[in-house]
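One chain, chain A, appears in both complexes that follow, with chain B as partner in the first and chain C in the second.
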Partner chain A sequence: MEQYKAVIIGGSAGSFQVVTRIISSLPKNYSLPVFLCLHRLKHVRSGFVEALSIKSTLPICEPNDKDPIKPGIIYLAPANYHMYIELGNKFSLSTEEPVNHSRPSIDLSFISAAYNYKRKLVGVILSGANKDGAIGLKKVKENGGLTIVQDPNESQVPTMPNACLQVMKVDHIFSTNEIIRFLNKLG
Partner chain B sequence: MVSLEESNKIVAAIKSVSTYDFSDYSEKSFRRRIDKILEDFRMSVDELISRILRDKDFLEQVVREITVNTTELFRDPELWITLKYRILPRFQQNKSIFIWHAGCSSGQEVYSMLILLHELDLFDKAKVFATDLNTEMLEKAKQGEYRYRFNMNYLDNFDKVIKENPYNYEDKKDVAYEKYFDIDKKHDLIIMKPFLRNKPVYRKHDLVNDKNIFYSKFDIIFCRNVIIYFNTKLQNKVLEMFSSNLYRDGYLILGAHESILGPVANNFERTKGIYKKKSY
Partner chain C sequence: MITDIGIVDTKKIIATIAENYGIDFSNLALTAFKRRLIKVMNDYNFSSVVDFIHKIETDPRLFEKYLSEGMVDTTEMFRDPSFWRELRDIYIPELIKTFGNIRVHIPGVSSGDEVYSLMILLKETKLNDKVSVLVSSLSQLRLDAIRNGASYDLRKMENSDANYKRLNENGELSNYYRTENNKVVLDASLVAGVEFLKGSYIKDLNEKGFHLVLYRNRMIYMNSTLQDQVVQKLFDSLVVGGILCIGAKENIETSPEAKKMLCLNPNEKVYKKRIA
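For the complex of A and B:
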C-alpha cells in the first residue's frame, strides 16, 4: 500500500454526502494529498469549501494556479476552472472551454494526475449524472494506477460509475464504507 | 501529447513569420492547446508547421485557438460586489479614473465594468482602455453582441451585482436590463447599448512584447485569467510592467485563483484576486 502517493476523487450529482463522509473519516496525519474534482451547481459556487471544511479533519483548500502540492491536504478544484496536476508537483488552472459541459472537467484532472503519478495514483469515481470521469479513470489504469468506482447499486445517481464500468475493467467496485476503509489504509 | 521538441518547433515557426512569441507560455498548457488544434484541424505537426509558414490567415486562426478566450458577464460576482462596495466608492472624489482591461477577449468584462461604473455615477469620469492580442476578439468586443442562450445564465450575476445588496437584503434596486442592453430572443442576441459600446478605446496589444501603449498610468488594471497561461518568468515581467503603470493605491485585478509569486508581490497588498499597490 505504500506505493501510493496521491488520491484523486471525482463526483457529481449525489456525491456530496459521500465525499463528506470520506473526508471526515481521514485521519489528521494523513500522508497523501487528496484531489477532489466535483461538479457543482452554479449557485453553490462559493461556500462549498466552508461546507466541506466543517466535516473535515484535514485542511481543505481551492488551489491557486502554480501552487505546490503538499501531502495531508485536500485540494478542491475551484469552480469554473479546470484543475491540472503537473509534473514537479504543482497545480495549473485554466479557463479553457468546458469539456462535456463541465468545468472543472473530471477527465482532464484525472488524465493529468495519471500522467504525473503513474502507478502511484488511486482514482475514485463516485455518484454522478453524466459520463465525465470515465476516460480519466481509464487513463489512471493505463498508467498503472489503481481504480475504484462507487458501487452503482449504492450510488444516488449511478450514471458516472456505470460509464466507467462500460469502458474499462475497474479494480474495485466499493461501497462508501469500503472506500473509506481502503483510503484509510493508504496513508 | 505533442513532444516538447515538436512544441518548440511550432513556437519557432510562429516566431519566424510573425511577432507572436509563445516561448514563455506555460509549456504544458501550450502543448495541450496544440493537441486540441491538431485534433480539430486533423493535422500532423509537420502539416501544421508548413501551413503556419505559408498562410498568414491560418496563422492568425492558430493564435486565436492557442489563446483561451473565456470571459463572462460579471464572472465571479464576489469580485464585482467587492468593487461595488469596497473599491469604487474610494474614487468618488477623483476627477478621473483610468482603467485598463488587459486581455479583454470578447469584452464581457469591459461591459460589466461599464455597467457598474454607470450605476455608481462614475461613468463620465472613467477613461476606459481595453486590449487584446487578437484583433478578431477586439472586433467582437467593440460590437458588443453576444449569444443570448449562451449568456443568459450570466444575467443572474447581473441581478446579484447590480440589483441586490448582499450586506442588506432589503436593499433591492430595480434596474431594467434595457438600461444597458437589449435582449433579442428571436435572433438569440444580447446587444449592448451604443453609449456603452462607444466608451472604451480598443487597441491590439501583446503582453509578451509590448509595454504600456497608452500615455497614462492607471487606477485599475484588470488582467484576469491571462497570465495563468504564462511561465513564471513571463508572469513576473508582465506583473512588473503592470506595477510600474499603476498609480499608488491603484488596483491590479487578477483571476480569482491567480496569485503573484515573484518579488513583485512585495509591491502589493492582497485580498483574494485583488492586489492594491502599496503607497510607499
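For the complex of A and C:
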C-alpha cells in the first residue's frame, strides 16, 4: 500500500459519533498524525478535546500556532481559528475571515494539507450540513492524495459528503466501519 | 481568477515590495500570506503575477491600498470575552493601582477591533483619564479608518454583539455604533484621545515604557524567526511589572524572554514582565 504520511478528517453536524468511533478504534501505536477539522461553536474554547479524549486511544490536542506535527497524535482545529499545515512540518493558525460561515474552515485546512503532503495524504469528509470541505477534498485529489467520503446513505446529515460527490470523483465511498478498517491499515 | 501562486512567484512579490517600499515580508507565515496575496490580486482583477508586480513597482498609491486590504482583520470585537473580563476586572485596575497613570500600546493593528474594545471598557469603567493609548500600524489607510470610526460589514457585528453580551449581560454594543447602508460605523469619539502612529514595529518604532501591550493573534502570521524578534521588541518596550497579552493559541515559551516573564493566565496567555 502507498506510504501515506497523514490523515485529515472533516466533519460537521452529525459527525461527532462517527469521529468518536473512528478515534476509539485506531491502534495505540498509530504511525500517522490525524488532523480533525470539525465545525464547532466559536466562543466555546474548552470541553471539546476533553469530550473526544474520553474514547480516544491516542492523545488529542488543539495545537498552538507553530507547534510541530508528530505522528500518533490527533490534532483538533481549535475554536475560532483556521488551522493550516505549514511547510516544515508544523501548524499555523489564522483569524482570517470565516469561510462558508466557518472558522475553522474544513476547506482551508484540507487545502493547506494537500499542498504540503501531496500524494501522501488521506482526506476524509464525514456527515455535515453545509458544503464546506468539498473544495478542500478536491484539492487533496488534485495533489494526488487519496479521498474518502462517508456514505451519504449512512450519514446523519448527508449534505457535506454529497457536496463532495457533486464536484469530484472520490476514490472511496465508505461506511463508518469501512473507514475504520481502512485507516487502521495505513499506520 | 487566480487560485494559487507558487513559492517562486511569492518570493518575487516579496522582493519587489522590499525593494520599492522597504517593507520586509520575507518572514511571514506562508499559507496565510499567500491567501492574502491571492485575495488582493483577485479583488483587483489581476490575471498574472507579472502584472501585479509591475503595478506594485509603478503605483505607490495603489500599493497602499493593497497593503491595507491585504491585512488580516481580527474579525471581531471582544474576541474571547473571558480575556476582556480579566483585563477589565483584574489587570487594568492592578496596573493603575501600582503605577498610577498607565500607557498602553496596541501595535501592528489592521482593524479597529482591539482598539475600540479597549476604549469601550475604559469608558465603562471610567478609567479613560488614567490610561493613554498608542495604536500603530504599517498602513496609514488603516489608521485613518480606525480614527474615523472604522467601518464594518453589518454581518460581522453578529459575533461582536454576542461577545459583548457575554461580557456585559445588560449592555448593548449597538450603543456604540450606527448603521449606514449595511455598514457599521463605530463612535469615533471613543478613540479621540488615542495616539496613532504609522510604522513597522520591528523597524521604525522604538517606543518604550508601556505598562500594557495588546498583541493578540498577530504573531500567528509570522515565522519563528520574526516572532522571536518581535517578542524581544515587545518585552523591551514594557516596564518591569508591565503586562503582555497575546492570542489564546499563540506560544512564546520558546523565546528567551519568556523566562523573564510570569504567565499570569495560561488560557488567556497573559504575561507579566518580572525582570529587565
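In the analysis below, the second predicted complex is superposed on the first by the 181 of 187 C-alpha atoms of A that agree within 3 Å, B and C clash if a C-alpha of one lies under 4 Å from a C-alpha of the other, contacts with A are read in each partner's own complex, and residues count from 1 in each chain.
The definition used in the following text is that contacts are C-beta pairs under 8 Å (C-beta built on N, C-alpha and C of every residue); 3 or more make two chains touch, one makes a residue touch a chain.
Because the structure is predicted, anything quoted here is derived from the model rather than measured.
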Fit-or-clash call for chain B and chain C when the two complexes are aligned on chain A: clash
Chain B versus chain C as contact partner of A:54, first or second or both or neither: neither
Spot which of chain B and chain C makes contact with more residues of chain A, would you? C
Touch test for A:66: chain B only (first), chain C only (second), both, or neither? both
Could you tell me if A:80 is touching chain B, chain C, both of them or neither one (first, second, both, neither)? both
Classify the contacts of A:95 with the two partner chains as first (chain B alone), second (chain C alone), both, or neither. both
Chain B and chain C contact sites that coincide on chain A, given as residue numbers: 42-43, 46, 62-67, 78, 80-81, 84, 86-87, 92-97
Quick one: in the complex, what on chain B touches chain A? 26, 28-29, 32-33, 68, 70, 75-76, 78, 153, 156, 225, 228-229, 232, 255-259, 261
Could you list, by residue number, the parts of chain A that touch chain B in their complex? 42-43, 46, 62-67, 78, 80-81, 84, 86-87, 92-97
Please output the residues of chain A touching chain C within their complex, sorted ascending. 42-43, 45-46, 62-67, 78, 80-81, 84-87, 92-98, 108, 112, 115
Spell out the residues on chain C that touch chain A in their complex, using ranges where they run on. 29-32, 35-36, 72-75, 79-81, 159, 162-163, 166, 217, 219-221, 224, 227, 247-251, 267
